[in-house]
Amino acid sequence: MSQAATEAALTSGKDGQFIHFDKVSKRFGDNVVLDDLSFAVGAGERVTLIGPSGSGKTTILRMLMTLMKPDTGTVRVGDDYLFHEERNGSLVDASEAHIRKVRQRITMVFQSFNLFPNMRVLRNVTEAPVHVLGLSKEEAEERALGLLAMVGLDHKIDSYPSQLSGGQQQRVAIARALAMRPDVLLLDEVTSALDPELAAGVLDVLRDVAKTTDVTMLCVTHAMKFARDISHRVLMFCEGKIIEAAPPEQMFDSPDHERTRSFLQSVLDEA
Amino acid sequence: MTWDWDYAWDSLPLLLDGLGVTVLATLAGTAIALVLGLVFTLMRRSSSRWISIPTEVFVEFIRSTPLLVQLFVLFFVLPEVGVQLSAFATGVIGLGLHYATYTSEVYRSGIEGVPAGQWEAAKALNLPSRRVWTSVILPQAVPPSIPALGNYAIAMFKETPQLTVITVMELLSVARQLGAENYRYLEPVTLIGVLFLLVSLPTAWLVRRMERRMVPAPRPV
Amino acid sequence: APVDLTAQDAGGDLLSRIRDRGEVNIGIANESPYGFVDSAGRITGEAPELARIIFQRLGVERMNPRVTDFGSLIPALQVGVFDVIAAGMFITPARCKQILFSDPEYQAPQTLLVPKGNPKGVNTLDDIVAKKDVRVGLLTGSAETTYADALGLKDRSVIFDSVFSGLDGILANRADAFALTTISLRDAVSKRPDAPLELTPAYVPIIEGEQKLGCGAFGFRRDQRVFRDAFNAELNRMRANGELLATVRPFGFTESEMTKLTVAELCTDTSS
Amino acid sequence: MSPQLLSYLLEGLLTTLQLTVGAAALGLVFSFAAGIATCSPNIVLRGVGRFYIELFRGISALVLLFWFVFALPYAGWQLDPMWAGILALALNIGAYGAEVVRGGIVAVPVAQIEAAVALNLTRAQRMRLVVLPQAIARMLPPFGNLLIELLKGTAVAYIVLIPELTFAGQIVRNATGDSASVFTALLILYAILAVFFTTIVRLIERRVAKSLGRAPTPGFFARLKGVRA
Amino acid sequence: MSQAATEAALTSGKDGQFIHFDKVSKRFGDNVVLDDLSFAVGAGERVTLIGPSGSGKTTILRMLMTLMKPDTGTVRVGDDYLFHEERNGSLVDASEAHIRKVRQRITMVFQSFNLFPNMRVLRNVTEAPVHVLGLSKEEAEERALGLLAMVGLDHKIDSYPSQLSGGQQQRVAIARALAMRPDVLLLDEVTSALDPELAAGVLDVLRDVAKTTDVTMLCVTHAMKFARDISHRVLMFCEGKIIEAAPPEQMFDSPDHERTRSFLQSVLDEA
């Protein structure tokens, strides 16, 4: 694939663009983590981010989740800027209220689950719908029970997170995220802390989510078979840049870049 | 009773003498507490219950009874069993012993803070147990404990006034004496407060600086 | 009990307020035989017993004694925690600047408490000055402390926080002699009949050429002159008719402790 | 010992309990107010919290007590000694408690806060629903230690006419002349009080640990039974 | 493969048996972790342990490392019992001195590296040779430099572990273990905490070790390609028992047990 083709692939072919990274840079001290990065993701599109350690994949997700600010550039979700507000025609730093409004549409599942250890499973899932979306306790519990059934954990609603296996915890975390009915779901290596068999269960749940909802997904993973199954597009990161972007078949079967090839090789070797 | 500057000014040299005694007692007490605390910790971890359990009981007992009463006992009862120490030495030993029970807790949590993996790695290399302590565990357990140890040194400094009950002429004793002679307590006691702050604030600041260097900076919540 | 806020008002009507209340708060320092808790747990002593009689005559039925640290007596009186100090406190010029005293109810010669057989052979403070290896025990805040300072004994002073600490201190060889009034020491030793201790004969210390005879009295706030005078009148009446000695005799006081000195004489600062 | 003297000791014991419980309750309020303030993003709140901590950690309770009872009245503010005692001890222990609160909050993993952000909880909700419930579990053991500190610290209250246990002991010592028995009795009484308070704290720890679905850390007696790493 | 064949495969075909587990059981409370387990490993043999989470693989290694005692049964290395001594013809609990003597021949590399953070890289590697083997400082350093060169880290000898990436730390840990010239090397998921590319580097080092030394290796891993490359034999654990034991080709290409098949499937799926 030519350079031009990769650039074209940086915007999705789906109906309209939804998430826009525009000339985003981020550095920590001397370490340039994102380097003038631009790309877009369509509504309902599922994108997998791959690349070597430290290439900036997590940084992208954390920025979308507003856990981290870009140094320069803008991030847009729908019509709203994430870190800026338009006021009198010019962009100013966003207020907390504005950020909370935009953040409403996005949620994230973490590598280490991060369930709240002080709440039982059911309350982990109902807490935010009640306190953020303003659902009644009954509505929230109904929604939670449905989702917990989907991830196969409706029999564990009264357990504490510490009483669950890693795989079960991660499935609860997915239910918790989905209970917010997000437009965008961010997944950062959600199976790397898990054993292969437990990981398989989590990936199955995510395949289900992909099939049955039209949530926009940005997903960092080393599970290549899963990536191939669910993604519309794969982005290969290297040193804070996207060096290759293509549909999974093309990316995995005939990568363009030497760097992509060697990366994929080492990932496959490990299995 | 209004503030009497002349009296305050006249009291100052005597109070400074008392401060000298206080500081000296604190330093000596700290030295004892640092060493004895580690000894207690190691004895509590001993694999022999004949050592660990009595140590544990002793430490808990000392920790839960007032220094004041312990000082009385050391001062008036030790000589009866034939141990004759000066009042200052008695006070320093009392302080050191009392605070050793705290430093012992600090060392303990420092040691428990060393990840289990470090013990296992040391075992996997078959290092002898003395070596495990001196080159693996203690070098990792002690530095994180330094701020807490520093805080106890400051706390000890503030408790030295209790030595007044065993005739050590430290800061508070001087103030009480001044007050009794002149029947004005406001000035000496207020000056004590100020002197304490003058010593303890910079020390606390130093301790926090050390702490900051060792623990990641606090983050917004 | 809550502190009486009105007690701070200037003027002489404290006595009538006390009469209205029917109760007077007295401060004692837990020092026998002046004011203390006895082995039956009762608050007694020469000063509280005198105060009880005098206040009854002044029309106050109840007495509410509050035990505190000797060093806290004057500050607590000054902020109104109690109305009178009934602790046999010595009258000194310095104290006279802080509070009012009644006329003294007793005078007190001095004694040394020493180990049995008096191994150092000391009988007075002057003896101690002469023998360089003798450590003198003193009670914190006591007049004897001031005497010892004036005699240059500061470096050899050991300051105890209570009479019994002094006694225990001599037994524990923390000091070689404990200097205090004959009355206090006689009383203390009587509670430890088995202890290997003895008292030297009573003497009157002479500091800078002047006889120092400690005289104990009741203390009042400086703005309570009327109150003090009323109290003083009753006290002097008791002195005159011998009731005073009769009241304090059970606490070990004798004829030789009775005094004719007045507060005006004792408050005069002769040292300056 | 006469029943009357015994009643002094008992009253002293009760007074010590009263002081300890009162100062602990009030100190807890100070601890949380100042501890949370030092974690605030607002620089003024942070400053106020820090100032409180530094000031009252630096001044001993004894000096504070003296001030409250013997100096404040001249500023026209009179406190009952018992209240002054409770307030002074609470201000002092609260400054230490605030550090415990701060430490507990800071020790909650950042990941927990990030997860709360990902669910779009507000700052206050994060603190109330996620951070504090977890932090409190960590605060309890050091709070238990502070409670024992406080218990022992009440002994200084005698200088402002509060007849607590140590002072009652001095009264009995004066009345009977028997120093050794009095000191022994004091040591035992304080140790009993300490065990009493420690037990209460451990019960609370157990409850909190259970509410987090954790096994509680072994206590003193469990440690005695030889559960060691 | 028949039941009998599996039992035969529980002892290696190599020259004599070296490590013997004999009727070993271990339970935590109600949880039976090892259930009357017997197997043997030959001198110089390389064995891979696979199986689902919680099946007891780590327990085996930790027992050999004397980090954990069996409840019943014996473990033997060469002619020495690990936890017992023969005295007057009967087995008694071993003294610390006896355990230290036997432990001399064994060492372990951990999933989380466990380098000593207070020592620089070089001292991490020389510490035990000096204080356990009694080498002089110079001898130990010479040996350490050779090993660090082998793992490609001779330029990092003055760094602290915290200044190294995970992959580099694990390579130091391997050098540290080899510096003891052990007869037995235990490896517990040494790459699962690492990113695929970093993991690849570590596995390469281990391939090297396997090729150039004749150390006996017991290795728990999910890197199946690596397992196939280096092992003489693979043991499949399930619920504290070995349910299948065979050379890697046979185990991976035509497993006997249904449980083995499903396990291998999920591991391969994840890549």
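Each chain carries a letter (A, B, C, D and E) given by its place in the written order, and its residues are counted from 1.
Keep this in mind: contacts are C-beta pairs under 8 Å (C-beta built on N, C-alpha and C of every residue); 3 or more make two chains touch, one makes a residue touch a chain.
Quantities reported herein were computed from a predicted structural model and do not represent experimental measurements.
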Touching both subunit A and subunit D (chains): none
Most distant chain from subunit A, judged by the mean position of its C-alpha atoms: C
Centroid-based (C-alpha) most distant chain relative to subunit D: E
Subunit B and subunit E: spacing of chain centres that average the CA atoms, whole Å: 47
Where subunit C and subunit E are represented by their mean Cα positions, the distance between them in whole Å: 83
Chain centre separation in whole Å, for subunit C relative to subunit B (CA means): 38
Whole-Å separation of chain centres (CA-atom averages), subunit A against subunit B: 52
Of all residues in subunit B, the ones touching two or more other chains: 1, 76, 185-186
Shared interface positions of subunit D, touching two or more other chains: 66, 70, 74, 123, 179
Residue numbers of subunit C (touch at least two other chains): 71, 75, 78, 168
Chains touching one another, given as label pairs in label order: A-D, A-E, B-C, B-D, B-E, C-D
Residues of subunit A defined as touching subunit E within the complex: 52-53, 165, 191, 195-200, 203, 222-226, 263, 266-271
Footprint of subunit A on subunit D - complex, ascending: 109, 111-112, 114-123, 125, 129-130, 133-134, 137, 211-214
Residue ranges of subunit A in contact with subunit D within the complex: 65-67, 96, 100, 103-104, 106-108, 110, 112, 114-118, 120, 127-128, 131-132, 159-163, 176-177, 180, 186
Touch list for subunit B against partner subunit D, complex: 1-2, 45, 49, 52-53, 56-57, 60-61, 63-70, 72-73, 76-77, 105, 112, 116, 119, 154, 158-159, 161-162, 172, 185-186, 189-190, 192-193, 196-197, 200-201, 204, 218-221
Subunit D - residues contacting subunit C, complex: 1-8, 66, 69-70, 73-74, 78-81, 158-161, 163, 167, 170-177, 179
